[in-house]
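By letter and in written order, the chains are A, B and C; residue numbering begins at 1 in each of them.
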């Protein structure tokens, strides 16, 4: 139904990782060394989409050599690479010269005589402008396809959104993509390029750090949904800040932006892993405005921070959150704790719930209550909590995204099977592949 | 002037509540019991718009019976129901079969032989896609109107925004609604459907809770304004969390989204009440980043939290907010407290200010200072504060929205007169009906 | 390349300040006194764009006199005024009568017999609606130009965005501006009018304060970028709240909205100054979620708040942030402090870094590490920190915006040279004028 699940011209419904590699290094005996290293990656270190980057990552005077390097390295190693390969060429909405150079580089990389084209899934076009500029790039790729006898639309086109004009163009894709005078159905990824977007918007921050741009991330995700494409967030500059990178991904996922740019194999591992559900479920508590995860100890979930305290009193309990202290009966405490806590389900938990709902549906029930119980321990006082959540068809479908993602990954990335089984166990993986639809 | 105040095809300028009810229950002797119960509501428990929900709230195999139930129950009780009645039928941008079923259900519900149509104000169409899909739904309703000899556009059409495509379509309404080849002037409510929107956007949160989607709420409100329609926020799942529901409404109102979905009569009461000004005005203080309301005691407004403290010293005052402590003169303290406090006016306060401004305007003045004074008490130290706010025509008009809302409610909901008078007093209600153009 | 740097029809690439003045005061012997006072401003007190405001700032019955006053005062003093002059006339998307009055006022102000037109740079049109309404205003200005033999498009047109319809119209500018049947290339500023926008959106806040409208600010900035225009934020009502006004500007700059409305000469000074880099650089520390600036004392940067504490222990250091306390080695402490601190560069710092990168590029290097070192002192414990940041062409260009802004200001505002030199020193100013591009 949904264009993304029709898999139209591309195989993947989801892309977690978009990993760029310089195509040519000055002053190195083997100027393609980084390309050779990247194409050898596999498992959790290999991205879903690998981008030999003949634009910003490569010095301007090395880009002709870079294009040649891409052709050579992909011809050699492309057959074994587990992800898709989408080289980035140069392009600029304001420069016909740059566009012509990008076109020439595509012609070179795709030349069948070089032997790379059978492993190339598409091209990444940076610095696009309004929809007419996107059509120019599409036309260049169409000419490449015809020059070499490839099928119309067989090469995907992904773009980097790094201008206000491109941001507006995204709202016109759905209508433009059906037009017989273009092949825009080849569109694949909408990738945000925050560094150049910041420049185009002329934004300033006191420290020179990148603005968070929440609205661009929303607009990209919504446009991807409307046009059946896949949204990807831009690079996270501070490559040592693993925690910050993961926080950004969690934020993005709540916007429907499940993919992110990776600059290093370490970032690739984090980005391949982050959108998948955790191995073990755990409880969160709202500690005076901050979500804190509880530690499991002897079957109880223990809070050990300073923002919440709990003591038994003669006639019940005294619960203190921040500077608010209240006297509660056992029942009231139960209600209060239900309000403060939330459970983060593991992949196994999600599979269990889905199987349970599917069985109920089979038996003719439209909605069932899922119960979740736990012992919560604060300051040595342990309280049993238990809550019911009603599941109906809508809940079932809305919570299915992590499973669909998992299935897409498992289907397209056999090189990650071992890792996934090690994380989740064979039983959970097998059941996860069978629930849903 | 404004399309919304022209009241075009619909009567209501404002809709506070959008209340859905299942249309048929499996295994119940009277499968329409919930419909019968809902159509009997009145006063603060009755919604502005009641939606017999023949889509998600009703099991798929019960929907034919549901359509029949709607016709029967509305025929019986529709004349007495104090709000508008807009049944929701099935529809899906990706499924011609579902669209055809929805069309058949509309034909059945609207059949004059069933006696319901004179009480039906319109239909709610879920899961719409791009603007062309909206036009298909419009056309189905036009055919229903012609089949039964109803006037063109007499049935309103409300849509649920639950896809990126629909989000984009909202920017095209203003231009499309004037086109003679459709009857899109029948459009009434733009309702956000966050559960299915989350699914369509493929968003994930760790706990499975709904993302907040601030941008969709803005886009819906702005599109409603541009096209002369009314924006309504989606359901708030946690029906026991009354405080959270009210916080969500306050947030929405700052976005111009004055209506919200209600799942229970209790939620209806909250949602009918929340956008109206309070019965009594009160003061807020900024307690180290959190707005806290002060308690009135013996004519003074008392702060009793721990985040602000105040003491008299030999040469003035020491004010401590969080960990910042400053020594202040009486004048400086007055300034500081003016900065920290804000007044939330009651309906009576707003009416007073408007009357005062109208009298000044009558007397030839374009701007007047409104004075607001209070005694603020912290740690037993009481300080008199007083501030002037300049009111001009723009202030007057911008602050008029709660009054216009009140007048719209009072005019269209006689069944709430008694409640409104009990809350605000007869005098305030009468004056509120007379201020403002 | 970029339309904004092509300078198309207008001279300025940046506008920091948009200062409105009433055009006629009731009951004053010289009803144009405020206009005369404003046109005499210069230096940091004079705005980039001065707006004699014949709409909201002037009483309705004084507007004919206001138009005459504008012509008279600008004829007298326009030659000496250091900024651009763009009078605001009346206009309303819903009122042909108001539009006709605005047209008449433009005809009067621009009449060559009045001698003002050679100093008038354009007009500001409030309350615009959809793109067709913008075209009507454009056409009125075209007729004014033809009536008086002015060149097509020589009068700029700026609009106030104060309706959902205008918000949507901004996405259509790029395509409309190339159309030979209009002169929309005259567009200059997109100014947000939050007070009337709030009214149009029918938004409510409990205290009657303005909503923050982050999405409108984003949409305006993005549309300005897409269409080669300049975005400006609306008025900040609380004219005594200098700190709040500056915080709003810092927030806006991160959205690419570098200009803001000013209601008083004091606000003009703040708004002229705020987007330029500081005179002296300084360090920030993340004190448990709040960014706090450190004080320089004897060469060290000292934190003196209560949220972070640091002590030496037998085997290293104990760092406490909020209620989290950790034992760290010297190396770990260094890493931790690097993560918590950030440097805000001065204009001189930015010039230094850019010169250094330009020299490296000249010498054939594509990327260099910029080192920033400092002594950070907490609770008397002093720690040396040092970090490298890689600069490549993209970093260089993204961080260039403050310099481009500075150069634009320096070029167009000779009356501010003295102030700028006093702030930054002659040496830094001269070097700032030479780096970049």
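Operating definition for what follows: a residue touches a chain if its C-beta (ideal position, glycine included) is under 8 Å from a C-beta of that chain, and two chains touch if they have at least 3 such contacts.
Keep in mind that what you see is a predicted model, and the values were worked out from it rather than measured.
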{"item": "Equivalent interface positions on subunit B and subunit C, same or different at half", "value": "different"}
{"item": "For subunit A placed onto subunit B, the superposition rotation in degrees, Cα atoms, nearest 5", "value": "120"}
{"item": "Separation of subunit B from subunit C, taking each centre as the mean of its C-alpha atoms, in whole Å", "value": "35"}
{"item": "Multi-chain contact sites of subunit C, meaning residues that touch two or more partners", "value": "171, 214-215"}
{"item": "Residues of subunit C that touch subunit B when the two form their complex", "value": "26, 56, 59, 92, 94-95, 130, 163-165, 167-168, 171, 195-196, 198-209, 211-212, 214-216, 241, 305-307"}
{"item": "Parts of subunit C lying in touch with subunit A, wherever the complex brings them together", "value": "1-2, 4, 14, 171, 174-175, 214-215, 218-219, 221-227, 250, 253-256, 258, 275, 278, 284, 323, 339, 342-345, 366, 392-395, 397-402, 404-405"}
